[in-house]
Each structure stands twice: as C-alpha cells, then as structure tokens.
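Supplied in structure tokens, the structure appears directly below.
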Amino acid sequence: MAPPEGLPKMEYRFLGRSGLQVSAISLGGWLTYGGHVENENTFACMKAAYDVGINFFDCAEGYSGGESERVMGEAIKKFKWKRNDLVVSTKIYWGAANGENPVNNVGLSRKHIVEGVNASLERLGLDYVDLIYAHRPDRNTPIEETVRAFNHIINTGKAFYWGTSEWDADEIATAWRVADKLGLIGPIMEQPNYNMLTRDKVEKQFAHLYEEIGLGLTTFSPLKQGFLTGKYNDGIPSDSRLGSGSDDAFIKMMNKKVGDESWKKDIASVQKLKPIADKLGISQATLAYAWVLSNKNVSSAITGASRPEQVYESVKAFEAVGKLTPEVLKEIDDVLGNKPAVFTRRF
Amino acid sequence: MAPPEGLPKMEYRFLGRSGLQVSAISLGGWLTYGGHVENENTFACMKAAYDVGINFFDCAEGYSGGESERVMGEAIKKFKWKRNDLVVSTKIYWGAANGENPVNNVGLSRKHIVEGVNASLERLGLDYVDLIYAHRPDRNTPIEETVRAFNHIINTGKAFYWGTSEWDADEIATAWRVADKLGLIGPIMEQPNYNMLTRDKVEKQFAHLYEEIGLGLTTFSPLKQGFLTGKYNDGIPSDSRLGSGSDDAFIKMMNKKVGDESWKKDIASVQKLKPIADKLGISQATLAYAWVLSNKNVSSAITGASRPEQVYESVKAFEAVGKLTPEVLKEIDDVLGNKPAVFTRRF
Amino acid sequence: MAPPEGLPKMEYRFLGRSGLQVSAISLGGWLTYGGHVENENTFACMKAAYDVGINFFDCAEGYSGGESERVMGEAIKKFKWKRNDLVVSTKIYWGAANGENPVNNVGLSRKHIVEGVNASLERLGLDYVDLIYAHRPDRNTPIEETVRAFNHIINTGKAFYWGTSEWDADEIATAWRVADKLGLIGPIMEQPNYNMLTRDKVEKQFAHLYEEIGLGLTTFSPLKQGFLTGKYNDGIPSDSRLGSGSDDAFIKMMNKKVGDESWKKDIASVQKLKPIADKLGISQATLAYAWVLSNKNVSSAITGASRPEQVYESVKAFEAVGKLTPEVLKEIDDVLGNKPAVFTRRF
Amino acid sequence: MAPPEGLPKMEYRFLGRSGLQVSAISLGGWLTYGGHVENENTFACMKAAYDVGINFFDCAEGYSGGESERVMGEAIKKFKWKRNDLVVSTKIYWGAANGENPVNNVGLSRKHIVEGVNASLERLGLDYVDLIYAHRPDRNTPIEETVRAFNHIINTGKAFYWGTSEWDADEIATAWRVADKLGLIGPIMEQPNYNMLTRDKVEKQFAHLYEEIGLGLTTFSPLKQGFLTGKYNDGIPSDSRLGSGSDDAFIKMMNKKVGDESWKKDIASVQKLKPIADKLGISQATLAYAWVLSNKNVSSAITGASRPEQVYESVKAFEAVGKLTPEVLKEIDDVLGNKPAVFTRRF
C-alpha cells in the first residue's frame, strides 16, 4: 500500500547540536508494538512511516517487555531497509524482562547499561543503535558511572549518541559537567513529554540548555494519548480505548484522571482549541502536531500508530506549521493559559 | 530441595557509591568449593543461596588453585541462571596454579592482571565477571600500573567494577588519586575481614573513605571461621574441623591460635555474648551475622557454606538486625571491649 | 608492460609532521576510475604507478558513487601488493550511494563517518586505510563530534591518520584546538586544489599552519584538469574531453568557464608560460608538475591518469624540479601575476 | 638434556618501576637465531635457558629478517611452555623484510608500529608480546605519534609494556613528558649496550632516569661479542668466528675495529682483567657477566648462545656477583680507567 497522494514532504531536523538528522515526525513503539497492536499492523505502520520519509524509529527495552524491540527489528529485516538510512533508538532502565531477580535489571548501573544494551541489540537483530537513552534518572547510581557506561557503549560501537528521557535539567547539566571533566561525551538529546497541555519542562526548565549544551529533543505524546484530537470533547466514546473497559497499562494510566479536576480543566482547554483549528481549516490533531513542530527546539515529535492511516495523518502537520503565525500562537497561548514565564540568563 | 518456609526476605544493598546491588549476605568459595567440599555439595549450596535470593557469588583465582572458580562456573551453567541476575566476582593475585614459574603469576603487574583475568574467565566459563578484586596490595608494583590494568579489564568488557581486598586505607586513597589524575575508574569496593572480634580496619582505618570515595565493603569471615557460633566455648569438639587433626590450610590457620593468649581472650568474649543472644532469642551465629549487617557500610557479608542448611541459617540474620537497638549494640561493645575510637575529619 | 627506461627516481616525502612517507607524485581515482575509465585501464595505470614507485593511492567514497574504491581495491588484490608497501586513502562526506535516504549519508556526523568508513573498507576489500579524510567541512556538525569520530576510526584500527579536504585554515585550527583539549589526534593533512593558477589557499591562508601544526598537503589538480598542459592554448581541440560534447561531471565543471573572462585570463597566463617551458627544455605539463613539487609544503601531488603513459609523463617532473631556480620561479610569478602576499606571524 | 648439577639459582629482577619480573640473565636472538645458528641448536639453547630459569626471551622484527622471531616462536610452541611463564619481547624499527618498498617499513610511524607488530606476532605465533621496544629513535617521526602508537598496541592487548632501545636520555624524557601530558603510558625500559668496555650511557647519561621515571634496563652484549672472555688476548684464534674469514654482519661489525687503536686499548684492558678473575677463581666471562649484574639498574643482561653450554656458563655469574665487593669493583674501575664521572641532581 502506497501513501496517499498529496502528502507534504517530510522535514528533517538536526538532533540538537549533533550532525545527525531525524525526521521531524517519528514513530515510536510505546504502548503499541509488541503489545496490543498485532505484528502485521506494526509492519504496515512501519512501512507507511518509511514511505512518508520517517527515518527515526524509537523503542525501549521496557516497551512490552522487550517485544516492541523484537517486532521492530523484524520489520527492519523484513523490508531490507539499509541500516544507514535509519535512525534506531532504544532506552535502558526497565530491563526486568531479562532476568528473574529485578535488582540489577533496572536502573543505570554500568552492569545494567551494558547487559541491557546487549540484550536490546540481540532482540533488535542489530549491531548498533543510533541513539541510546537513559530511560529515567537513576538517583541511586552516581551520574559519573552512568556517563562512563554510555561512553563505553559508544566506544565499543554499540551506539553513536546517548541521551536521556525524563531527566531534570540539573541532572542533564551534571552529566555534562562530569563528561566535560573526564573528556567524555555528554547526553545530546532528551526525550520529554511535550504537547499543548504539558509545557513546563520543555519551555521553562530546559530553556537555557538548548543554547548552553545544544540539547536536542525527541518529544513524546504530541496528542496526549489522543486527548488533543478532541475525541473526548463530548464525553468518552464507547468505541475508544478509554471506553473499552480494558485494563492495559495505557487505560490504567489514563483512567486515573477521567473526571477529576485536572481532566475537566484539560477538556475545557481542548474544547476552546476547536474554533482555532476550524478557522485554520485543519483538524485538532493536525493543530496539536503542528504546534509541537513549531517549537524549533523539538528535533522530532514521536508518534504512536496502530494503523497506517494514523501515520499519514500525522504528516499533514507539515502543511499546517506555516499557518501557526505569531498571532495564532498567541491566540493558542491565551486559550491554554499555560505558557510558562521564562527568565533568561545572560550567561 | 526448596528453602524452608518462613525465612526472612533477602535484603539488597548498593555496593558503595555504585549502582550495583548485592545481596547483603553472599556466598564465597574460600576454603570450601573446589577444595574439601565435594562438587555435589557446592552445587546444592549455590542452589540454596540462589533460592533464598543471594545474587552475589564470590571467588578468587587463588581459591583451591582455580578449582573453586571451575566448580562455581559449572554450577552457573548447570542451573541455567540468567547471567544478569548474578553478581560474580573473582580476585587476582595468587595465580600460581596457572604456570610453572611463579614469578609473574603472582601480584598486580599488568601482565598478571590481564593473564590472570583471562584464565579466571576461562575457568568460570564466563565472558565477564561483575567484580574484579586485587586480592592483596602488591607493594612491588606501582599503583598506577595496577589502576591502569584494571581499567583495561573494564574497558575490554571483562568486568564492570574493580576493587581491593585487604588493602590499607592509604593504598585505596592512592589508587583513587592516581585514577582521578588520569581520568580513570578507582576501586569501588574493598573486601576486608570483619566480625565482632576483628573491627579496627573497617570501623577506624577506613572510616573517612565511606564518605570521601563512597567505598563499599564486601566483608568476609562474619563468624570468624565458626568461632563466633560459640562452638568452641566449651573446648574444641572432636567432630569439628579444628578437632579432626586434618592439616589443610584452614586448620593450620586456626591452629596457630588455639590455646594462646589471644585465643583465650576471644573465647572469653564469645562466652559473654551468649546471654545477649539468649535474651534476644537468637543463636550466637545469628547474632554475629546480624551484628555485621547492622553496619550500613557493609554492602555484603560473604559467608562460606558446605551444606545448604548453613545458607538458610545465615539468612535468619535479617530478622535479627532489627533487634540490635543502640542499647543492645552498646551492651555488645561493652562485652567485647574492642570498639575503636574514631576521630572524624571535618573535610 | 614495464616503465620506459630512464625515468627519474621516485621521491618520498613525509606527510606533514607525521612519520608516514608518501610518494611525491601519487595516483587518484577522482573523475576517472570506476567512472569513464574502463577497469582494464585502471589496472594498467595502477600497475604503472606502482612500478615507478608511487605508493600513495587516493580515493573517496564519493568518487563514481563508490565504484572508484571498488576497482582500486580490486587492483590491489589482483597485483598481490603487500599492504604495508601501500598508502591507501579514502574520504568521507558524500556517501549517498550507500542508502536511499540521503539525509544521514552525507556530512561528518559520527553516524556517517563510522558507517561511511565501514562501507568504504568493504568496497576496498581492506581492513584499514592509511589515511582517512573529511572530504569537505560540514558546518552543520560540531567539529568536536567529527574530531571524536575520526579518533574512534583510528582507535578501532580502521585508519592510521586523519585529515581534511578543502577545509578553511580556521576550521583546521579549530579541529586541533578541540583535539588538544581532549587529548585526541588532530588532522595531520589537508587535500586542497593547488596549481599555478590556484595558489591562495596553499600559499596564503594555510601559511602559518605548516609550522604551527605541521600540516601536510596532498594536493589535487596539478594540471588544472589538463589546462596547464597548454592543450587549450589555441582553442578547444575537437578530440579533447572538453570538445567531445559529452556531458559528464568533468565536462560540466569545465564548461562553466569556457570563454568567460576568467577562462580568457587563464589562457593568456598559460600561453605566456610556454616560452619558459621551452627555454628549460620541458613540456608545459612537466613545468606544471615540477612547479607544484617545488613547494616543500606539498607532501604529494595527486594526479589522475587514464593511460599508463600519463603516469610515466608525470614522473618526469622530478628531473625538472632542479631547473626551477629562484630566478625561474620569479619569472613564473611575474607571468602569472598571482603570487599571494603573505604576512607571517612571529608567534 | 638436563642442566649440569650445581648451577646457581636464577635471580629475578623487577623491570624498572614495573610489576614485571625478568630473569637477570636472559636469552636474545640477535646475530644468532634464524641466522647462522641452526634451528635445532636454537631449540636446544632455548630449552637450556628455560631449564635454568630464564624467563625472558628477546627478539626483534629486524633479527635475521624476521627468521629469529619465527624460530623462537616455533620453540615456544614445540616445548608447550605456558605463555604466562614467559616474558617475550620484540622490537620495531627495521621491518624491511615485510615489504618491497622500504619507505614505510622502517621507523616509528604509527603505520609501521602497527603493521610491524602485527607481522611480528604472526611470525611468533603469539597473540601478544610482553614487551615491545622501539628499536632505535626515529628522528623523522614526532615522539607523540610514537607514544600514541605504542599505547594503541598496549590498549589493543598486543603488548603489556613498551620501551626503547638505544635512545638518548633526553628522548626517553621527552617520551615521558608527552605521555604524562596525554595521560598515556611512557616507556618503562631501555635496551642499551652495556659491558665493562661500554659504560657511559648506562652509568652517566641515564643516571637520573632510574630515580625519576624508574627506567629499567635490559642490556645487551655483556661480553662485547666475546671480547671480554679474553679469547682475543693472545691474537685472533683461527677457529673463532672472527678468524673464520666469513663475512656475515657480526664479522663485519667486529672487523672494523681489529687492530686499530681502540682495539689495542681494549685488548690491553681485557688482559689486565685476567689477574683479577684468576684471583677470584672465576673465568673472565663470568667476571664480565657478574660485573654487569652488579649494577642494580640492570634488570636483565641479555646474552646470545649458539650452544646450551654457553647458557649454563652464563648462569654461573650469580655465584660470582657476591665476590664483587666494593674493593674489587674499585680495582676493576682502576684497570679499565673508564668509570664515568656522574654529577647527580638534587631534583
């Protein structure tokens, strides 16, 4: 199946202050591949992604207990894609599936980083990933041990760049201080949650890091698990995942908020975005994607997809980014009321 | 054979200022495996240890001339344990069994460290150990050569962490000074002799190292070769190893002291500990284990076992640690009369 | 076919401030091998080069889309030359032939350097090249990333030295500053365009680098694509590549200038060089080669050849260098009128 | 054939400030193995050496064009010696035999060091040597390039230590300065010519290096090619190598001096040593060996042997060292008249 006619061209961005280019929209295996999405659908989504120019495929040892890596690796092999055309990532932290005793199969010790990467590469069927992430901060492991271990991974040819996911700004800064002191390589990218309703970390806490260390962002949840498509604007549809009564991790995560104050406040915001989307002649989903991409510190917005159509939809955002003029962005900020105040530093 | 019902849960501790967790009680091959304990018993002890949650198995190239490594490696293979669930160590210093000419098969030269580790890994049947120790200080080899050689072992993926055994505090500090100067990794753990009757090094000499460099301890001889179980309180039983008249290394080591002043003084101390154990409703052995574990600088207390029951017994200590209140510890200190005076440094 | 009698002896020069010696004339695959020159001719030219003492064979991943490396590698195998007798180079920047998506198959990211070198070595059928060049500056990639990546190539045994091609002096100086800061190896050689009509970069911009960092030069286009042989002095011959009406890359590159002001000015210069060559009893081609070699900062002048005779011709330059006395060089400078004024620095 | 009864015990010395121990007398392949000595004799000599406790076997890529390495490697295999019992060395500089074009098969460039070591290891049939020497200083290669290349050899596991042969003191000091600046390993040992008639370099020029950098010495020519045995005291015997009229490298080297002033002066010195040897009840050869060993900066005196008896003879020196009291050494100094004046530095 070929992509529909008339899709906009993929945009590529440098991953922070590195020489690597990633597609501005990318495909991730979180909550989908190896889990509730059947492998045939995973293959179809990855093929659709490749066909529209997505070159970055994001994974983690912890996604579906390693199955996400396995099925994504299978797709790469099946389609005979050239390795150098792809940017493949994985993340190390939750490797519990690799062993029986969880104590050293989790976190950022040298032991788990090395053993975790080796297990991930085996599942992926690859000699190396392009990007390796610390999937969370590990406050029980010295940052120096983690910095050294990821440099060991790079030195032994198992990855080209390393970064973090959901670290705090001061932890990233500390990793760089340790790396600089030892002449090692610091974390070049961070993978935070970022969307219209989740802005503080990317826009405020990290603000000085883009210039200082050239931090690149690969953000996840551009639609806030579908929330920003507006599909819950009029209540929870019975045919949606949230309405299905199933109890997988995704549902649990979302259910926690249904109906509470925070849920109501967010619904109100999303409802108010609808007229803006209508005025621009785009869907709310496209507005949400385009809004993330309008932040130039975002190297890539990672999306999940369980059907090829979702991949094609996401790419439409590239047409819409140009419509987000300063005035429109101001209008959105006013509706959301969550634009963080950032005090910039002179040095 | 499954462990008996009702054993307390294993506790895991970080190995000093590292991200690695070791079971607070661990199993060592010193004076037992590959030597006087038959292989079937070794397998049974290791299985019992694994079943109660022990993840750290300690060995050395010098234990039983390499046979200890061989049989422990065989057990790991036999039970199909996952490598990442285990923390396996070995130690380099006495590798005489590897050659005919002892001169370079001993000590901490780069040659012996590299050749010794390679031979150990071959005997263990492993690609790497988690921990590699310098089994003694080598005052004929520059510490820089040793620091570089252990870093080479880590860089080539043959170990994750390195440490020392029976080094003096100033030697550990010097190794760190050299490592810091060269941007290399210093020794993260030390393996000293530590029990109620042997306290000075751990409690006094090393006192400032726990904070300064984050030194972790894997201590040996928690029962002082059975002495602290109280089994010699009323003389040497004829069915004990000490009473058997055999002349293996263990016997020789212990015999040196039987009946001398130091022996008598120690027996007196151990006798006076009995009422304390009785009052707490635990055996003297459990008291000895719990006392070692009550020192939070101890990452793991290594025990030897020639029968699975000894492994199960040792784990009971975890129930008893809570009984060692400050008052009880004070009472023990008064009985022993050997608590070192420690002058702490502000910087 | 053996070289003709009476050819002068090959001269070897140190490659800048390194211990490597390269033949002062060398053979390159640019615009020839793997492209319009048939493989049999390539083999014959390489054999001729080896026979006259050329030890340096220059290539690039971008020459003829990788075919140049493939055929040069085939020649090395075919003639059973000893690897250590050869200095083989390749260059990384344009690796588009390696993939379908060009974004990461170009430039000096760690990803492309590592993947590009691996692909080049496979095409060459070699375990390592002697020299690896950055084929252009990549202003989108931090120089530190590039310096680290080339050091990784050297550390993993895939090259002995790294250098640059068509970088600016300040970029080379920056690469050295980064390398010095990190204790890494800087770029030892640069490959610029250098001939009687193209002098500024080598003689002026780089002037201080020869002493400061010991930069070596492997220059290309000694005859300016045949221009300096004088063959266009009386118009474009219909049997020349330029007159053939073909439209390959070479023709396009040259055609851009035919007849324009710069072309006319250059033709005038070349015409005025003829009497000087005649007076010295050498051809204009030999004069052009000898003039390049008279610059002692040139480690090797890379020439292209589609027939063995061209190789033999080029070597004649060694007899002519001695004829280029200061007076003759002054006469040439006056004719060309393009000698750069160089302001030297004391420190 | 077993060694004769009653030979003194081998002495082992640390190689300078390293943890490696070498036999104080060792066996070298210079001018003998792979050359005029037949392989069966080489095997017999090496067996005799091993049997008397010699653990250090010295070789070079340049000895007999690589044949010396080949036959020594064959002996090691043939006798099934354990690798860790041996200290095997080779030296890199003259690797002309490896190629057809000598330009890069000689010297201390990164290219030749790496290619030379690989070729040596292949001839020796070993994965690594213990010691790798720079066989001469290479004044055309930056010392930094050489220091980095030997560290690369060590980092890739192909050698444990590196050193120099016939370098000047300031070149060794410079290598250390470069190594210190870069955090790399400096040259731990030097191989100079040292005997009663050749003293200046070891006793004067290097004097401060023993303390400052812990330089170890593996000296060659303890008998000055047999000269110090006294066999030329009464003219050149017709059955000696020197009298045979053959023209191999050894003969040429020696012939240059026969009969000239320096020869006559040396003969006079050697003649005057005879009464001292007689008084001590030892041969002149034993005196010469013992004199070299009495210098505690000598880690090992390398001897050549074409018959096992020569090996046995050399070991007798250990009995004689004790006889070289300060008074006897003074007497020898007076006879030789060549004791260098050394001005020691306070810092």
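All chains are identified by letter, namely A, B, C and D, in their written order; residue positions are counted from 1 within each chain.
FYI, contacts are C-beta pairs under 8 Å (C-beta built on N, C-alpha and C of every residue); 3 or more make two chains touch, one makes a residue touch a chain.
The chain lineup, named per UniProt: A, B, C, D = Putative voltage-gated potassium channel subunit beta.
Predicted, not measured: the structure shown is a model, and the values here were computed from it.
Undergrad: Enter the minimum step count from chain B to chain C; a value of 1 means the two chains touch.
TA: Each step joins two touching chains, and the minimum needed here is 2.
Undergrad: Residue numbers at the chain A-chain C interface: does the shared fraction exceed half, giving same, or fall under half, giving different?
TA: different
Undergrad: Please state the rotation angle, between 0 and 180 degrees and to the nearest 5, that superposes the Cα atoms of chain A on chain B.
TA: An angle of 90 degrees brings one copy onto the other.
Undergrad: Relative to chain A, which chain has the most distant C-alpha mean position?
TA: The most distant chain relative to chain A turns out to be D.
Undergrad: What's the distance between the Cα centroids of chain C and chain D, rounded to whole Å?
TA: 45
Undergrad: Roughly how far is chain A from chain D, centre to centre by C-alpha average, rounded to an integer in Å?
TA: 63
Undergrad: Using the touch definition from the top, which residues of chain D touch two or more other chains?
TA: Expected reply: 155, 183.
Undergrad: Going by the touch rule set out above, what shape does the chain contact graph take here: line, ring, star, complete or other?
TA: Graph shape, chains as nodes and touching pairs as edges: a ring.
Undergrad: Would you please name all pairs of chains that touch?
TA: A-B, A-C, B-D, C-D
Undergrad: Taking the complex as given, what residues does chain B use to touch chain D?
TA: The contact residues of chain B facing chain D are 95, 98-101, 103-105, 107-112, 114-115, 119, 138, 140-142, 145-146, 148, 152, 155-156, 181-183.
Undergrad: Under the definition above, what is the set of chain C residues touching chain D in their complex?
TA: Residues 12, 14, 17-21, 53, 55, 82-85, 87, 130, 155, 157, 160-161, 183, 185, 214.
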